[in-house]
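As written, the chains take the letters A, B, C, D and E, and residue 1 is the first residue of each chain.
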Amino acid sequence: MSPDVPILEVQNITRRFSGLVAVNNVSFAVRTGEIFGLIGPNGAGKTTLFNVITGLTPPSSGQLRYGQTSLNQLRPHQIARLGVARTFQNLRLFGNLSVLENVAIARHLHIHTGLVQSIVGTRAAKTEERQTALKALEILELVGLASKAEQTARNLAYGDQRRLELARALALQPQLLLLDEPAAGMNPNEKGALSQLIHQIRDRFDLTVILIEHHVPLVMGLCDRIAVLDFGQLIALGKPEAVRHDPAVIAAYLGGE
Amino acid sequence: MGNFLDSYGFLIVSTFWGALLGLSVYLPLMAGQLSLASPGFYALGGYIAAILSTQVLPHSGETYPFGFVLLEMGVAGLVSAVLAVILGIPVLRLRGIYLAIATIAFVEILRVLALNLEITGGAIGIFSIPQPFRSPVGYLWIALPLLVLTMVLLYRLEQSHTGRVFRAIREDELAADTMGIDPTYYKVLSFTLGAILAGMVGAVSAHFFNTWNAKQGTFDNSIIYLAFVLSGGSRTFVGPVVGGMVLTALPEVLRTIANIGGIPLWLGGFLQAMRLIIFGLLIVLGSMFYPQGIVTPELLNRLKLAFRKQPKRIST
Amino acid sequence: MQKLLEIQNLSVNYGAIQALQAIDLFINEGEIVTLIGANGAGKSTTLKAISRLVNPVGGRIFYQGQDVTRMAAHQVVRSGIAHSPEGRRVLTRQTVLTNLELGAYGRSDRLGIKADLEKQFLTFPRLGERRQQLAGTLSGGEQQMLAIARALMSRPKLLLLDEPSLGLAPQIVLEIFAVIRQLHQQGVTILLVEQNANLALQTANRVYILEAGQLTLTGNAAELLTDERVRQAYLG
Amino acid sequence: MLRRRVILPILASLFTFVLVVACTQANAPTGTSTSSAGDSGGAAGGNPIPIGIAVAQTSNVALLGQEQVVGAKIAEEYFNQEGGVNGTPIRLVFQDTAGDEQGAINAFTTLITQDKVVGIVGPTLSQQAFAADPIADRAKVPVLAPSNTAKGIPQIGEYIARVSAPVAVVAPNAVKTALKIDPNIKKAAVFFAQNDAFSKSETETFQKTVQEQGLELVTVQKFQTTDTDFQAQATNAMNLKPDLIVISGLAADGGNLVKQLRELGFKGLIIGGNGLNTSNVFSVCKQLCDGVLIAQAYSPELTSPINQKFREAYKAQNKKEPPQFSAQAFTGVQVFVEALKALDTKTKLSTLSPEQLRTELNTQILAGKYETPLGSISFDPEGEVNQSQFYVAQIKMEQDGSNGSFKFLN
Amino acid sequence: MDITLFLQQFLNGLSIGSVYAIFAVGYTLVFSILGIINFAHGAVFTLGAYFTYFLSGGAVGTNGLLANLALPFQFSFAIALLLGSILSGLSAIAIERLAFRPLRLKGADPLLTLVSSLGAALVIVNVLQYLVGAEIYTFSEGIYGDLPASINLGTAERPIMIRTVQIIIFGVSAVMVGILTYGIGFTRMGKALQAVAEDATTASLLGIDPERFITLTFFVSGFLGGMAGALVGSSVSIASGPYFGIAYGLKGLGVIVLGGLGNIPGAIVGGMVIGLAEAFVPTDFSGYKDAIAFAILFVMLLVRPQGLLGRSRIQKV
């Protein structure tokens, strides 16, 4: 896709939950290759919007386009198959699986041996299994978890779990990566490292990143553009500098007097 | 030894069936699906074998051809698979206890059908089912390879990507979905594998019990098979095998204890009368003291470590 | 001033994750103390440890000089600590009135309860209007008011407030903070967890800053409001 | 702590294994005998001869099994007092079959391989017989079925015989008697418990008889033995205005059906199948049982000496008339004892190997003729019982409905 | 179908349904608070019938350990019913302590309580059999005084007969449901109970001790279950002995799921729906009567998994 074409178009998306309007008529487009920030106070509808994009909650109305494809009717695994990966704010790791297995699961789309082959243990299956493990380790290396590959995921420290979420999403080899508060619970040093890592990942894998984050300095430093949600509505969209000085944003987000 | 096998042949083979039926509940549970449909497929498999062997497959001579039994098992497995797919696609949209109850409904409906249909013989069922072996011990020729094979396949399944996918769905279906995994496909797959196993065990069991009727495969069995899995341990296939064997054998072991020579008569009589009470108590206490089941992956790892000096290397 | 609540060395784990690592804090009688920090830093966990919704793995909690570390949650309330939890958690299938009545569950003084009900309706007139409505049908702001009012129904000495501004319109947030100040003036001691650091610092007497389960900074709220580090980290 | 969690299960399984092995090695007398035979009367010494009783002592079939246990125990005591088998006492070994096939097979296997019985009386249900009898047949251990009435039981094998007359023989009498009582009967409705093998077999005979007698069969209603509420089905049947209702079920369900039919206003004759042939029915339908016709294979009022003794012994213990199930279990034991006696007279039992004993015993059983509480019986070569007398009784309840009796009509 | 038959079957359906309903209310109550199914509820139903039987002067039969035992005194049926139900409630508390609480405190898989409650049921049933045998026990004739066995609600020519005992069961069920509805909906305790059912954590923040209310719930559940058992027993005898309640356990499961798990009005509606459906099974299909409940249930689970009156739950992502 050429850089000018939006990779993701969100058009008039609304999502209601029994009376509550979580996302209200939001429209924006994300350009291929950019790091796009989504900010707003807790409960502003950011995560709901992520859920709508990844097919976990269907939109009440509006259109979602991924390149030329409409995402409206697709189920999560079909959207993942198109190249959209995400992480979860409240960590949805496969807790009883090992770190390596968590990443290997995400290689699902790149594994082609079926049940029978892998049970019989054909050479192709073995080769592929080895390649999966290698690839998974490579990704773990990148996020700095290679040494913990054999540990059970739920035994990891909080920051490591966040990194594992990221590694797992990367293992899908997505074109669009949605990160829901990737730095939550990290200390300032870790946050800095993470910020660098996200940049690095974007460049290395040619990704587009959409990121929800609370930590304002991190967002400001990292993102090419930022959208601000408040009460489900898009109240600002633009370069970090512009958004930062937008009075509506200051009122909503900083709760200024 | 001959005496031992005469006395306990039936029980030993029964424990193998227990293990296999436990595994048939465990398979869908691997993918997080609490299905209690196994007794339904078990009953279905039994009827298929009973009808085929008494009405369709011709045989002469004292013993029923071994190959025919295998054929029946194949047919039972196939029919179960087809039914499981048809049933599984709508039913597996349900979660947790709702799925369990829908599968119980399926089992009950099958039971009432079996009571009413002509071909299943109603309450009397089908009897004089021909025997491929001279004594119950002979069924070890089927039970042992079937159990070993199933365990090997399950071991490999657990190591394979598919097994990993099952576990991922069990841990977090939505997260797995966003990893590009189609949960429906894998849920139906695990459900179907369990159904095939139950159907095949049903087919041999019809021969093993000499007769087959609508009491085979009822709601009670649903819960008992679940008990096999949960008390054995539901996170590795070794659990249901151990649970199925122990819980099948336990009432009979209690009967045997009551029969030991040295035990005073009153105690023997007491034990025999109390054996189901003790069985029930053991189930309650077992749940209390082994909430994870007897066999857990951690236990297996420790056992492995005990036998092997070095920890297992990552296979890269 | 007397220490109403004191926490020593408190640690909480969720499985292998250390949510709180040996934190110490105290609250004097009559103070508003606020706890700020990023998501996942352990703010809510601190409140939950106080109201005994989670079990600490180490450390002790003293309330009015008494060790309450091993008390059951429902006893903590009766001893005078009310907790308005994160996400409000009103009983959606009950009416506003029932929610409030249940807030006074540990009390048996009928007249006092009645008087307190009226008091809440005075403080939150909108709840009065909707007293027969199911709590689930209230708006977010109204639910937050209900959660606070319900907590007050136990006549607490110490009120634990978890993110009262969560998901609310600025106008309503201001309203709620006005009520918080009003309660403070009436003599209720308050421990406030808040993501809106600006507002929290403007409201509180003292502040603790939590980062990844550890206390990193503490001090006078007014001073920290102008502290460069805090501005950098939380005020943008 | 960790280590304990590994060791405990291993210890437990080892323990189990040791026990199992220990039991096989134990040659000491096994099984749970109810009364120590040597003390119980005039019988002289000698090792008591073990006879297995495999009936349902637990599960929801226990109601029937309990009656069989009582009958068998009376027989044990009675025959040992009479001198046992020419001076050697018998010893009954009870193994619980519970209500399922697996339990029946386990009980039979234990009796055969561990208790080394000469023969078995059991099991309670026909379905269980289809499962367990082949085991005994292959081990060449004679079995007398005390209550298996379904078609095909004696045909399971040469070692299988029964003292319970098949329903096909018993049931028609009741319909004929009903027509004798009320020749105006035109329409009949049939009810049966579809999950009970016994009732299913019986109803087929009833339905056939009803049609052969020229009656119109207006409806066949199916229910389950676990059902207790029949209002809807009774209403449906009564709506078709039958003059006669024929019920095949067991005591609780059958009794409730009778009760509810009457309460809802059914005035015609009711025939109960053999499953209702127990005084347990009285307590269920009480006063409303009155007048129900029941086809039976046993009558407590039979005046033969053996029945008088059995009836007295039973009544002394249980304060009521003996039911058919007890009488049949008694008969099962009796047939074994008398066949053993006859065999012993020919060839001393102690000279026979266990295998020979069982084979010879089986031949002897089929050859003999027996005066039992059921009347005079013998067996055909397949093992089917030839019973000389069947009965149709009408229930007569006392005024207060608390107790009743079977009044025999022939 | 003519109108008399229709009315007759309609009333039959209601009366069968009321038995299902009163059984299911206690069943669903435990689910509402713990979110798990108590398989021992059927056994408590049986216990209630036995307790009431003995308290109203019944004697043990000849086959159990307690053969021929009877109380030296006897209560009137109403008192026996009340005491029997209380004893059932206490038994339910014992079951909770033995088979539920230890697992809950250990944080075990909630599914495991299916197994442990089944174990408890197995123990109860077999202990009963060991103690009092498998006989059918029938309540003595005069428990309902001099009432006729049935009442004609139609005319002499077109009778619509209803068994009196069914009217009594219907009435008592209605009263119990009324008391329960009042107790849960309008008393302080009841509201606290609802709070625990909706959100036990929040309830504890309000000073409500959830454990006490779990105990209370089991008591009420056992009380109602035991009373249902006694009433049904007075109508049809303790028909299958110690297994009396087991058959209800399975069908009751259908009833409570149909009505919406944990939903009390739902259990009543579910009971009535299944009772009526069974009453209107065409004559020629009587053999399929037992499958009706499950067929309805099966279809409904696929169409509306939350049950007739249940609420759908929004899944939190």
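Details
Here is the rule we use: a residue touches a chain if its C-beta (ideal position, glycine included) is under 8 Å from a C-beta of that chain, and two chains touch if they have at least 3 such contacts.
These numbers were taken from a predicted model, which means no experiment stands behind them.
The set of chains touching subunit C and also touching subunit D is given as E.
Taking the mean of C-alpha positions as each chain's centre, the chain lying farthest from the centre of subunit C is D. In terms of the distance between Cα centroids, subunit E is separated most widely from A.
Taking the mean of the C-alpha atoms as each chain's centre, subunit B and subunit E sit 31 Å apart.
Look at where the CA atoms of subunit A average out and do the same for subunit B: the two points lie 42 Å apart.
The distance from the centre of subunit A to the centre of subunit D, each centre being the mean of the chain's C-alpha atoms, comes to 72 Å.
Taking each chain's centre as the average of its CA atoms, subunit B and subunit C sit 53 Å apart.
Shared interface positions of subunit B, defined as residues touching 2 or more other chains, are 115-116, 174, 273, 276. For subunit E, residues touching at least two other chains, in rising order: 126, 287, 290, 317.
For subunit C in complex with subunit A, the residues that touch the partner chain are 15-19, 38-41, 137, 140, 163, 165-170, 173, 195-196, 198-199, 202, 211-212, 232-233, 235-236. Subunit B contributes residues 34, 90-91, 93-94, 97-98, 101-102, 104-106, 108-109, 112-113, 115-116, 174, 219, 223, 226-227, 230-231, 234, 273-274, 276-277, 279-284, 286-288, 291-292 to its touches with subunit E in the complex. On the subunit D side of its complex with subunit E, the touching residues are 58-60, 62-63, 65-66, 70, 194, 219-229, 231-233, 235-237, 239-240, 251-253, 255-256, 259-260, 262-265, 280, 283-284, 286-288, 317-319, 400-402. Interface of subunit E with subunit B (complex): residues 36-37, 39, 98-99, 102-103, 106-109, 111-116, 118-123, 126-127, 130, 250, 253-254, 257, 261, 287-288, 290-291, 294-295, 297-298, 301-302, 305, 315, 317. Within the complex, the subunit E residues that touch subunit D are 5, 8-9, 12-13, 15-16, 19, 62-63, 126, 129, 133-138, 140-141, 149-150, 159, 161, 163, 166, 232, 235-237, 239-241, 243, 246-247, 278-281, 283-284, 286-287, 289-290.
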